[in-house]
Amino acid sequence: MELYRGGLRVNDITNRWYQDISKSNYGAFITFIGTIRDEDNIDALSFDIYEPILKSWFESWQIIANQKGAKIFMAHSIGDVKVGESSYISAVASPKRRVALELIDEFVEDFKANAPIWKYDVIASKRVYAKDRSTPMNGAGVLSGEEND
Amino acid sequence: MELYRGGLRVNDITNRWYQDISKSNYGAFITFIGTIRDEDNIDALSFDIYEPILKSWFESWQIIANQKGAKIFMAHSIGDVKVGESSYISAVASPKRRVALELIDEFVEDFKANAPIWKYDVIASKRVYAKDRSTPMNGAGVLSGEEND
Amino acid sequence: MVKIEFLGPIEIDDIELDIDNLKDLSIYMKQDENLKEWIDISAVAVNDKIITTPDYKLNSGDRVSILPPVCGG
Amino acid sequence: MVKIEFLGPIEIDDIELDIDNLKDLSIYMKQDENLKEWIDISAVAVNDKIITTPDYKLNSGDRVSILPPVCGG
């Protein structure tokens, strides 16, 4: 797992990951690249990350991937990322294609729902929490007395 | 759609596609890279392609993608591709992630089932049709009088 | 005359047949030891368009392609 | 004492509370205008492990993190 201040250097990262897996007899390698879209008059998005829990979340996915003979990769930005730049890259390598295709989907969706990362719109140099696009994590509601998982 | 004699130059191709879409406000870009695995004592795989039908097959997928606001890319090898080299790359760019995640899966699976490409194991310089790993295309059986689609 | 081409692993040269439909072609292929195994598992294109109706009418000058099972990637 | 930290968009400094469980913390948050909106939608970690049982026992020295709704990527 790799965290960088500002936008990601996409080609450097994906080429390095491909190099990394290319000696390991994986038949399928899928990368997902997320780019900041020009919408809602934003100049950038900005991200806060809580690293200890992001790290353990990622490690639990790496274990799931390993059990399927696969390997996952992830890079994310911290702080401001301008429109047109990439803030998120993930990848899955696996011996056969089905595992990779299913895992990249499950991983990216769980990332969206449960990775401890908070997103802000940056408009006229002001940071506004993207509350309406955010999702309560698994376990949210525990303070209201709800048993949840 | 791009066809090349021999193994694909993965980084050149994927970096160029990413460059191509990076000005078009797509939020998600997914690449699938297929690599020849070292198995069954093969030295290489070899591919025959029937280009006219591959082209129309690809164009029909591009129309499906466009209707979802997405764009697809594909590169494939012709002839021999050595173990460890890539013979197939495809990619989907879309505004939002769900379309890209679903489309790459559907596209890759239909590619496997219906793209007019024939695969051969290359063992000791001999080309052996990989019949047991091949799939009858949609419409197969029409010569036996079966109406099929 | 209709031109028949055998694609991929079917190692048979192109032929020309005086036939009206796919049934005629099927009858021809059944008589050839090297072709009959491909009848049930191959798709068929006429002038590069996949055909799914067995009673499709063939015209003189048509080009028929026999497409055996595929495995790209 | 238990240390409470509010992550991401919750712009409240860390606090120390003498509490035994999450219910006590919830009661505290309900009384603060800037905190009560986060009660129902936040997840909770104790010493960086997500907790899903409301009656989880807190010990002195524990560090509790309040994690509001997320949106990475």
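Chains: A, B, C and D, in written order; residue numbering restarts at 1 for each.
The definition used in the following text is that a contact is a pair of C-beta atoms (placed from the backbone, for glycine too) under 8 Å apart; a residue touches a chain by one contact, two chains touch by 3 or more.
In this text the structure is predicted, and so the values were computed from the model without any measurement.
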{"item": "For subunit D, the least number of touch steps when starting out from subunit A", "value": "1"}
{"item": "Chain centre separation in whole Å, for subunit B relative to subunit A (CA means)", "value": "26"}
{"item": "Gap in Å, rounded to a whole number, between the CA centres of subunit C and subunit A", "value": "49"}
{"item": "Approximate Å spacing (C-alpha centroids) for the pair subunit C, subunit D", "value": "70"}
{"item": "Contacts with two or more other chains, residues of subunit C listed in rising order", "value": "73"}
{"item": "Contacts with 2+ other chains: residues of subunit B", "value": "34, 97, 108, 112"}
{"item": "Contacting chain pairs - touch in the sense defined above", "value": "A-B, A-D, B-C"}
{"item": "Interfacial residue positions of subunit A with respect to subunit B in the complex", "value": "10-11, 14-15, 18, 22-23, 25-39, 84, 95, 97, 100-101, 104-105, 108-109, 112"}
{"item": "Of all residues in subunit D, those that touch subunit A in their complex", "value": "7-9, 22-23, 25-26, 29, 39-45, 48-54, 56, 65-73"}
{"item": "In the complex, subunit A residues that touch subunit D", "value": "34, 47-50, 52-53, 56, 76, 87-88, 108, 111-120, 129-131, 133-149"}
